[in-house]
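The two complexes that follow have chain A in common; it is paired with chain B in the first and with chain C in the second.
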Partner chain A sequence: MSIFEYNGSALIAMVGKNCFAIASDRRLGVQLQTIATDFQRIYKIHDKLYIGLSGLATDAQTLYQRLFFRHKLYQLREERDMKPETFANLVSAILYEKRFGPYFCQPVIAGLGDDDKPFICTMDSIGAKELAKDFVVAGTASESLYGACESMYKPDMVCSIFSCTYIYKHKVLDIFGPFTKPLHPSNPTEKRKKFMASYICKPTKCRLDLTNY
Partner chain B sequence: MVVVKRFVLQVHRKSDMSKAVVDLPPKGGFSFDLCRRNEMLISKGVHPPSFRKTGTTIVGLVFKDGVILGADTRATEGPIVCDKNCEKIHYIAPNIYCCGAGTAADTEAVTDMVSSQLQLHRYHTGRESRVITALTLLKSHLFSYQGYVSAALVLGGVDITGPHLHTIYPHGSTDTLPFATMGSGSLAAMAVFESKFREGLTREEGIELVCEAICSGIFNDLGSGSNVDVCVITKGHKEYLRNHQMPNPRTYVSSKGYTFPKGLTEVLTTKITPLKEKVEVIEGNDAMEE
Partner chain C sequence: MECVFGLVGNGFALVVADTSAVHSILVHKSNEDKIMILDSHKLLGASGESGDRVQFTEYIQKNVALYQFRNGIPLTTAAAANFTRGELATALRKSPYFVNILLAGYDKETGPSLYYMDYIATLHKIEKGAFGYGSYFSLSMMDRHYHSGMSVEEAIDLVDKCIVEIRSRLVVAPPNFVIKIVDKDGAREYAWRESIKDAAALPPTTA
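Moving on to the complex of A and B:
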């Protein structure tokens, strides 16, 4: 069993028309047992920059705290917010520093850069950046998400969030990692508990949706 | 007396604590503090993740006026293609470029590092960088990590002494060659080079040969794919032809497309936060003038 499948996670970020959307599942598990259904994986760095961290939950939280700290230091020194491209370089450097004893985390970074141009990027656990113009995925369900995105993505979608959630709907079973067992509806409210958090960010406002699927 | 001693002890402990807690930018180099924990996880049967590799075809050849480098653009993560159009030809100096195969993070980090070191060296000496300098910096770094920094590179450039092409292996050995290939598709590309290379190629012939070699890697090797990037370096001039050839276009696109009507996904709660406009305050300088 891989270290990424210990907690399980799925993250996706997409570029839409003058906006980006980033979405994650909210399940925290210990292998097959679900222990929380409201675990936060997407963190806000500043108004126009979000980072989602998939993989081992403890490393995700530690890494987020370190990155938030570095960003606050940057804000104090430079008196402005970090650009997403700069932040991606910072994350890459912090991950590569641990090349031979890495954080078991795959970040997905999404932000609005200069002139509110959307920027998304993902990395592997040692900081190899992948800049994409359309979508990025990370986590245990990444293979399924790649397939779904490749077929369903269109450029310039006004509300890429809906596409995110729709794509998620199709991949509901894969949120639990490679163990594709259907959920037992013995507890009818169980299905409602599978939340997903999505942030959609435009230049003037940011929207957080908690959706069911 | 006792009070004074205690006071001194407290101050000392406080500074120790702050040193441990504050995460200042480190002096540089790798940090191994998570290694023990990771080893413990491996011993419990939890496998470490696979890193993104650029299972690749990278080539270089020396032609009449300089050097031509070529690379494919696929990045893989295990059996999955994670990046269909990544850049494998890295900038080292205005007259030196380097193609990288192996672990993607390693090739990027090592080429960025050598690029910065060469920039500092240029400031110190006031001269154009030489390919042999980049070669020595790369090979000594890779050798000192005994092959653990898994970067296989094809380094090419034109300096005052002429055009140069070198290959660098992850353990730090180097070769100087008129034509070179590296990566998982190197055998396919080398087959093309061995049959068609000759000394004194023109620019057009060189580019065509490089493209043919990369295409042979793209079509015959599973680790290579997508498009062909080419970089032509001549004395005093370089040309980076990104996506020079795109032999793998996306042929089937569903004409209907997928529509996502609103309300398809049940939204439980929504929270909209308007973003405040950040106002720049430019202070008038009259306060200081007086």
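Moving on to the complex of A and C:
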């Protein structure tokens, strides 16, 4: 099993009409065994910028700590929040610093830029940025997520959490209930809507994830 | 074959570990204490490479004590867990410690807590967790019988169920276990579960 698949992860970010959504699974595993079903993969950098980190959990935690620290320094010096484009460049640079001993993480960055225009991007573990206008995915389930997104995405959806949760309904792998933060310019707070429960896969009570085999 | 597991109950946290020190096929001793008492209200149950385990846990214990000496107040469980993770993460890409850790503690403000730490420095706060081959059995038993807010008696009953499973189903099951508890009165040894006792010393034979 590759080191990227050691802990298991699934991340998706999608752009809607003046909004974006970012979702992740919450399973923390050690290869086949499930350790926890409430592991956090999406972190808030500031009110209009979120980063999801897939891949090896320890590197995701270290990377988040480094990035949050760098952003706090930026806030102290510049007295403002970082734009998502700038932050993406920062993440890319930090990842490439470790080119020959990389962090085993694939970040998904989602935020509202100038004029509250939604911005999403992903990159590989050594910082190769991949900007997208519609959706980005990362993690062990990325292939399935690509398929689901391609078939179900429509531009300018009013609230793109619908699409995220609908996609999760059809996911079979390591999903334990997405943690979706729909972000609208007028309402930049995290919301976990009640009706999402009907769309979310019920958490499976299994300790060994043998769905791949 | 090292088994360490733990759970959080109503105002307390338990850590259970096997007590065999093994080198390949030889059992050096069956009463090795793998749960270190970090300070008055913290327990550190560790499993893994025995040299790393002893060196790393002692290092953490002394640094936790140093913080208390320097600052006059003890570390919270969360702070101690994050410090330990930081040490593991820093060493990871130089010379990693092959130690898996369950850190249990009691804080006055936040109550009992249990932290799971992989040898590659994955940190997560959990209600129940386990390491080693025994985890396949103890986690399943805990999944079935655990509920939040268990009393000490219920928790010890569950721990005994897990130990019975490990003893009966794991092929090279460790014979003895130690149970340690941490609650508002502090961290202390609760009980041993021994199925192999060291023989009492024979009286000296007269020549």
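Criterion: the second predicted complex is superposed on the first by the 173 of 213 C-alpha atoms of A that agree within 3 Å, B and C clash if a C-alpha of one lies under 4 Å from a C-alpha of the other, contacts with A are read in each partner's own complex, and residues count from 1 in each chain.
Keep in mind that, in the parts below, a contact is a pair of C-beta atoms (placed from the backbone, for glycine too) under 8 Å apart; a residue touches a chain by one contact, two chains touch by 3 or more.
As the structure is a prediction and not an experimental result, all values here were calculated from the model.
J.: Touch check for A:G101: first (chain B), second (chain C), both, or neither?
T.: In the superposed model, A:G101 contacts both chain B and chain C.
J.: Tell me the contact category for A:Q61 with respect to chain B and chain C: first, second, both or neither.
T.: In the superposition, A:Q61 contacts chain C only.
J.: Can you tell me whether chain B or chain C touches more residues on chain A?
T.: On the superposition, B touches more of the residues of chain A.
J.: Just chain B (first), just chain C (second), both, or neither: which does A:N7 touch?
T.: second
J.: Once the structures are superposed on A, label A:L28 by its partner contacts, choosing first (chain B), second (chain C), both or neither.
T.: second
J.: Should A:A36 be classified as contacting the first partner (chain B), the second (chain C), both, or neither?
T.: In the superposition, A:A36 contacts chain C only.
J.: Based on the A-chain superposition described above, do chain B and chain C contact any of the same residues on chain A, and if so which?
T.: 101, 205, 207
J.: Can you name the residues of chain A that touch chain C in the complex?
T.: It is residues 7, 28, 30, 33, 35-36, 39, 56-58, 61-62, 101, 205, 207 of chain A that touch chain C.
J.: Would you mind writing out the residues of chain B in touch with chain A in their complex?
T.: Interface residues on the chain B side: 23, 26, 30-38, 41, 45-49, 51-52, 75, 77, 80, 82-83, 86, 103-106, 108-109, 148-149, 254, 257-258, 260, 262, 264-276, 278.
J.: Which part of chain A faces chain B closely enough to touch in the complex?
T.: Residues 1-4, 6, 47-48, 55, 66, 69-70, 81, 92, 95-104, 124-130, 132, 142-143, 146, 151-152, 154, 159, 162-163, 165-166, 168-169, 195, 203-213.
J.: Help me check something: in the complex, which residues belonging to chain C touch chain A?
T.: By the definition above, chain C touches chain A via 85, 89, 92-93, 116, 118, 120-124, 126, 129, 135-136, 139-140, 143.
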